[in-house]
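Chain naming follows the written order as A, B, C and D, and within any one chain the residues start at number 1.
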């Protein structure tokens, strides 16, 4: 099958190379708007250890919301399933990822799920550590272990920019402080959140993380279990129901794979027990997902019959 | 495996026999409030042709919202995927199944998905037929084919009661008429909707319908394809993302199976390529799902490792 | 002062004769879209018995939402203040006049006030009478008494058109039926509502009704009290806080008079203890108020120092 | 008339002395919850220079939201009517004073009016001054001039407490920063807002400020115009349509006077061209208004026939 996948990737990149025109680079963070919209990178890493890649698969970009998945897994490992999901819900929401309204209109101001910003900030606030420095260090170490990439770093320019201009996230955090559903210093929590969003990755990094989630929490090469299987399953489920913002329902129908996108242009997807996939294409559709990434994933899912449904 | 499943069902019924106390019989339709809250029925029908059942599996109840699944499949067969999903969305919504607000607050007044009442009424309005009589006859025939039960009928008392008191559904329908997103006479559409909701089924009927959806649209016994596979997959996906009202996200995490519940106390669930399941337990939790049904399904999914995630 | 007012009216009509271009004729009722957008009529009737008028003051148009004021007064006379305001609130709402959302998002589904459609339909449903025929006859008689115009009739074309296409109002009525906050047959209530909205008036009729409200419920010419003073005051207050749809706040700041507009192009305004004003100008701004009517009223209020604030 | 008013005040205090039991002391600021719920103070200051007072009229309390009125007048004097109302609307809203939802659900995130917290914070941010110290000094000077009380100071305990715990206001401010509708440093703006809310006043101070607004912006004793008449009229109008939070509509019907309440227990009301009124009663009804204050004002308005409607 290996040659097929390699060829498929190359063909898909060629087929969708102009589709970035249906999207736009995000403008609210200067560094993101400087990306090359024509870049497409794809990396597939199956659990037998085969890798297939093409295009701009080594191009680095900030992980952004894809971090929500990984930090959620770490937070559950730190605090337990019960504790985390007493603070944040499981339910998809028809609203936008940065909506405050969603909390205000419900009876309890608990964020709907850990994939919208409010939920992700809340989850980040539960990461264990004596100081913010220790917490970010624990997060980065976890990302390095999952990717097998010891050189993973942050993009300081993006981090500083988000910290300075991330007022919507700041508004949400203070809203949760007021509702007494978040503990600790708001600015420190935001700092941690902005830092993890600024971690630089490429398609290979994403494919390797996805591979671990596909492989029930075990690093395929070494056999080391880094995330317990029951946590992996919960996270995979949330990726399906809420991972692609308010396009998750349509993505489930069209692609049918656990996936998470970020405004940095990345999408991390996986076929359970089969493979992890990392895709890059910085032009986004209206809901914040990589246009080209969604197209390529739809193609791969159909050709390889990957849908879980 | 057969003896295991039989035993498992019997044990689950025994284990959860008092859990109906955590729920309540619905009161808004008199006939529903007269059910026996202690009834539990389970029927499992695998695609090899084995059947396992226990408890009140022959008790009849109205299908209610479970009909949304079957009528959706028929509507797509009648009109095509493109046409149906140009009128109704794919997205889960954090709101209640009978919310009008959900439509009003969005830019386009398209119902979020075919599992909320507004979406299901819209879908029902697209069923082909020269008259309402022909339409309901086509719907009932389709249900009969899927269940293999030629004696399927309607509960006239429930139908009449819903027709007389279903003012929230009536409000939604006129709202959609006003927004020009629904065609035809409102009262005729509602009549058709209330009729299909009043079809009487038991656990075996539900398990057999579910079996067809598990078996990619093919009736296991005869090999006849009654629903094209690509439609089956879309419907299964919507069952996962939106099938259990606004508890769908939690149900996906806990159970991980395509399922649809109805306020009549039934739940229809399925494990793709494996089995169809019909459950009955009339006491409902706050979101409209059978309390006992959800417990039994969680147990079966865990024991048989059925989750698709 | 009389000559001044006459001159002022004539000058205002001339000054604002082109402002209809800033608005639009409503299109949802064919009859309304056939009006002449250049028509401007003004009629002022002071409580000393002087009348000033100019332009298209005799042109007839349907009263539409201005009827909400008069029927509210009759409903309070029929049922008492306590009873009416146990069913409908006093509070302005930032939302549109035909919003269902406003009810659904609040804890109790009571309409915010009697000037939005839901509230007005509810108020209309409380008018006393053994049959709908008797109710509409009582309403028309009341309008005739207030205007002193025994020939007041309905526009059957508009009535029929609204009855056939008024699905948003129908949706609201069934929503209130479902919430059990409205009694009686929904279609009969809507029929009554559509009939009263279709009563044909001209500027003189409106000025005379307004005059009675300005004169504390007493017909200036005869001294007959037709509405108790305490009811008049309540209605005048609601005209200020909610009379001009969701432009009421701005209208209060700019004009400062109790007023009510209708999508037929009329505005009825009054200066307490001073005068009633009827204005006609069929082109509407985005919120449903006559563009020219608002301009002329702002001018008159400033020149004659009429603001109550 | 003087004796009548004095007697009326004394009788009203006696009549309503137990009504505080229908309300509650606010708990979210410790200092406020330490007030004596039995305190009632009333001060009436007419424009002829007569003063009537009784009860706890000298008791000091923090001005809280009543400051919104005075700072709004100063902001309009600083920036002009056009500029201020290009940033904040005139419209009442059915929602709570601290709702973020109200902004998010509308097309433009402009606060509905200057009486809800978001609007008031925005207005405060436009006060002129080279530094926050100069701005607060200008505000306090303005309050001193209006009250004629050169000793007006702040309650530092309340100020510090609100600054530390005012996360909902902080959330709103960052929301407006994100929407780019507010300029300047968020924490500095909030500091200014919290400072002005913490100014200590008694009933006499409020009555004197109200007197200036009743007297068209002129200090009755000296004849000095401190606020231009056209600004006074706009502010008085907003007091009527939005001054009593989401009970403004009912208050207009029951009392009919421009008024503004604060969670410190004060209400400032006025009868144009007649008198200013300051009332104190710290127990609040559900919407944040002094229970006893509303009762006393309803009584005075009826007895003295003060309603503007």
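Details
Everything that follows uses one rule, which is that contacts are C-beta pairs under 8 Å (C-beta built on N, C-alpha and C of every residue); 3 or more make two chains touch, one makes a residue touch a chain.
Given the structure is predicted, the values throughout are model-derived calculations rather than measurements.
Both chain C and chain D are touched by no common chain. The greatest centre-to-centre distance from chain A, using averaged C-alpha positions, is reached by C.
Chain C has its Cα centroid 55 Å from the Cα centroid of chain A.
Centre-to-centre separation between chain A and chain D, using Cα means, comes to 47 Å. Rounded to whole angstrom units, the spacing between the C-alpha centres of chain A and chain B is 33. Looking at chain A, residues 105 sit in touch with two or more other chains.
Contacts between chains close into a ring here, every chain touching precisely two others.
Those residues of chain B that touch chain C in the shared complex are 99-101, 104-105, 167-168, 170-175, 177-178, 186. Touching chain A in their complex are the following residues of chain B: 89-95, 102, 106, 112-113, 233-234, 236-238, 240-242, 246-250, 252-253, 256, 258, 272, 307-309.
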